[in-house]
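In what follows, chain A forms one complex with chain B and a second complex with chain C.
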Partner chain A sequence: MRHDFLDKYSRINSPIHRLPSMAKLWISFSLVVAIISIPLRFFFLFPFIGGVLLGALLLSRIPIPFIFSRLLILEFFTVGIAMLSLLRPNGTMLFIALMTRSTLCLFTVILLSNSTPFAELLEALKRLKFPPLILTILALMYRYIFVLIDEMERMTRARESRSFSVNRRSRWTLLASLIGQLFIRSTERAERIYAAMSARGWK
Partner chain B sequence: MKTAVDIRNLHYTYPDGKIALHGVSFSIREGERIGLIGPNGSGKSTLLLHLNGILPDPLHAPPAVSIMERPLDKTSVGAIRRDVGLLFQDPDDQLFCPTVYEDVAFGPKQFGMQTAETRAMIQRALEQTDLLGFEDRSPHHLSGGEKRRVCLGGVLACEPKILALDEPTSNLDPRGKRKLKEILRSLQATQIIATHDLELVVELCSRTIVLDQGRIIADGDTIELLGNEALMLEHGLETPHILRHRHPH
Partner chain C sequence: MHIPDGFLDPKTAIATSVLSFSGVSWALREVKQRDVQRKIPLIGLAAAFVFVAQMINFPVASGTSGHLLGATMVAVLLGPYSAIIVMSSVLIVQCLLFADGGVIALGANIFNMAIVTPVSGYGLYTLLRPFLKGERGRITAVAFTAWCSVVLSSIFCAGELAWSGTVSWNTAFPAMAGIHMLIGIGEAIITALVISALSTTRPELLYENSQSLSEHRSHGVLVYGMLVIVGIAIFVLPFASPWPDGLEKAASILGFEEKTPAHSLISPPMSGYRIPWISSFATATALAGLIGAFVAFGLSALLARILTPASSQKNMDAPHAP
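Let's turn to the complex of A and B:
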């Protein structure tokens, strides 16, 4: 089973993909810092940054619906937080500002992660002297997301082949036990991975 | 010739109280290739984990295991992990790096080797396992056979003197099996192969150890042991076909 859907466009070929990963990392980082620190007086800069990002998106040949669906998923969380600002006096302006900033930041990061293979991104972070422990955690996370999705899929299939009722209640209980199973299996796998790492000299 | 592995009266009980190994003793000479067979749950994998001190955790005070004539204790465990290369059953447990190259390079890096020398070792391991051209691939994009070869490459890159292989041919198609056998045959290292693939044992190992319920049942010549049908059936095994009709195909 192959799970490319997470970052399947990160390995295609385009002018954006060909940029060195270090440069992309720096540009994205500066953009994010700019987006969160530009005072609201200069609001006209935000559409400009948005335009630059859209231009990069077009150049990158990543399908636009793909990027927007990603954005939509993450937007849920920011909307939730930004809503709180509506409760304050004069909150509307704050709400708009928060939404604009967070959307642009997310756009930047999504574009970066979909135009650079994850391994290269890690390599660039390493050269920037990022803490090795965080890098290891990131690398392991990326590596095992796919294994976990596979495992979840196998378990769901096995369950579905043996469950004949379509009762909603039993469906939820099944899902709960699947998640529990996945948790136990992941813990056990973590132990085996640690053993494998120790076997090759990890301290 | 040196003794590569020496185990004297090894006991192991799992934290849940299940006895896994019950007084196991044997020794292996340098360069030997040994088949370790036995039914599911007989303690094969547990035994392999003792060879480089992953188990017991913490290590026993009087060590039951000696590797290359050096007792395995707290002071020697680091060096012994270099000497013993362990190939795990599930490749996904062993391939934890983002790319093939990094995974093969993981061991040499941990042992703090010089870069030029390291690169040569990694290169050799990639060649031995026929992985040139795979360096930048990510492990989740590989087939089962390729994953297994990357695992072996990662182990070989540490240049171990002893290889402990846990089910190296499980889940492989016949071509994958043939390729793996070819690689194992070409290696000089002492090998201990825990497996249910009895034909593999017949083809590669001159000596076999039969393990059941944490005890050594038999230890001797492969053809003789595997040809003893009563013994094989009693311990959940069987005489492989390759021994039944020994005529040239």
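Let's turn to the complex of A and C:
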């Protein structure tokens, strides 16, 4: 289990991390709703929200370059869609508003997900009466993403050590057979998990 | 295609949330009907699988790379109901863990990528299967439906953005549909390659082989078809009429429309989705879409021909030969 790069800072210790997850979930959700619904004539509120978020980031002791690289990757897609709005009449204002809003929302959610372990997030959702079936599936999925990434890397390494160079066409077929093999292994693993869970008296 | 927060207005966010909530709870009910305990680990693992498979990058022309979306593949492998739950779980984790796709826009993203894609993919697949026999027919159908589902889902995405007033339909639609007609080719090739590999080595893993063909299958597809049609009625039809909507009209009166360089900015196939000598936007769009679909179908058939060796095809077709 060395693949905790997905959310590796969500389990460190800081004032923000110690806040109850339920509170964090509500604060983030209402913040996102607020950012979206604040009319543009109150534009001065946006830098204020940004300042509060930055303060929270400093308090949370998460490395700042990590958060900003995350933000930058996601920003790439956002700009792509927002560009289309430039073509509207009065598009520049719309573009700026879109970018400000979506950046602040992204910042909020990134901060939430990196200061709350996923299990606690699920626990909070459970208390909000989320369907238990979905929560079980999400928990299983989160648990096995890391295992499947490991498995995929093992297969990739094995394939690379056996083939020197591949041409374009066989690279596609090799990748496809990798994905197919990953699916087969996933279903087999699901069978074993089911057997193990049943043996331990699952429902 | 993940819509971030801030791009949808309240009415679109609420409408899509209601649609996807009803869709997902319907899927949950269908899955619960039989042997649900066994399915839960399978769905969880399949969701993890899709998540990991989306991380694998494929080399596309000129140094760029794309990745699989996987909805049609999962629908063909696990059936439409499980596929809806699998794709929804993937989107929820991407939203909560990576902020990929907005929280408020989650309903819209689930509707576009977890309901429209598997349902249209699977529905079209079951429709085509009786006409496309044998292994070669299967691969043709899989490739073609994978392409169609990606394009359809992008059209929904454009419709929602336009409905929110974020972008105008006349730019969003050609841009999104055009780009995804290209992305869809990659998706079709990968899906076809994976399904062809699986159906030769492990045919029992395919949904159509694991299922007795009766059951409530057609009924369910009908229900979801209804859901998709409701979505089309809300998000696409208002724009597909030949008359420009209010804003467009205002823009054209004020002379803004001439300035929109949508067609030079991104050049989709069929040069901006219009055929020059046909003036009506709607007719031209329909024609271009139809031609695009024919080309995609031809390419799918070609791909199937490359992938399935002639000998296996002969064995498959033997009972049908005169």
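Definition applied: the second predicted complex is superposed on the first by the 163 of 203 C-alpha atoms of A that agree within 3 Å, B and C clash if a C-alpha of one lies under 4 Å from a C-alpha of the other, contacts with A are read in each partner's own complex, and residues count from 1 in each chain.
Assume a residue touches a chain if its C-beta (ideal position, glycine included) is under 8 Å from a C-beta of that chain, and two chains touch if they have at least 3 such contacts.
This one's a predicted model, so the numbers in the text were calculated from it and none came from an experiment.
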{"item": "Partner chain in contact with A:118 - chain B first, chain C second, else both or neither", "value": "both"}
{"item": "First (chain B), second (chain C), both or neither touched by A:105", "value": "second"}
{"item": "Partner chain(s) touched by A:66 [first = chain B, second = chain C, both, neither]", "value": "neither"}
{"item": "First, second, both or neither for A:201, with chain B first and chain C second", "value": "first"}
{"item": "Touching partner for A:183 - first (chain B), second (chain C), both, neither", "value": "second"}
{"item": "Which of chain B and chain C A:142 touches, first, second, both or neither", "value": "both"}
{"item": "Chain B versus chain C as contact partner of A:81, first or second or both or neither", "value": "second"}
{"item": "Chain B versus chain C, judged by how many residues of chain A each one touches", "value": "C"}
{"item": "Touching both chain C and chain B, counted on chain A across the two superposed complexes", "value": "118, 139-140, 142, 144, 147, 189, 193, 197-198, 202-203"}
{"item": "Interfacial residue positions of chain C with respect to chain A in the complex", "value": "2-7, 10, 24-25, 28, 31-32, 36-38, 40-49, 51-53, 55-56, 58-59, 68, 77, 85, 88-90, 92-93, 95-100, 102-104, 161, 166-168, 171-172, 175, 189-190, 193-194, 197-198, 201-202, 205, 247, 250-251, 254, 256, 260-262, 265"}
{"item": "Partner chain A, residues of chain B touching it in the complex", "value": "49, 52, 54, 78, 81-82, 84-86, 88, 90, 92-99, 102, 106-107, 110-111, 136, 138-141, 154-155, 158"}
{"item": "Of chain A, residues touching chain C in the complex", "value": "6-7, 28-29, 32-33, 35-37, 70, 74, 77-78, 81-85, 87-89, 94, 97-98, 101-102, 105-106, 109-110, 112-113, 118, 121, 131, 133-134, 136-142, 144-145, 147-149, 152, 168, 171-173, 175-180, 182-184, 186-187, 189-191, 193-194, 197-198, 202-203"}
{"item": "Residue ranges of chain A touching chain B (in the complex, touch as defined)", "value": "2-3, 118-119, 122, 139-140, 142-144, 146-147, 189, 192-193, 195-203"}
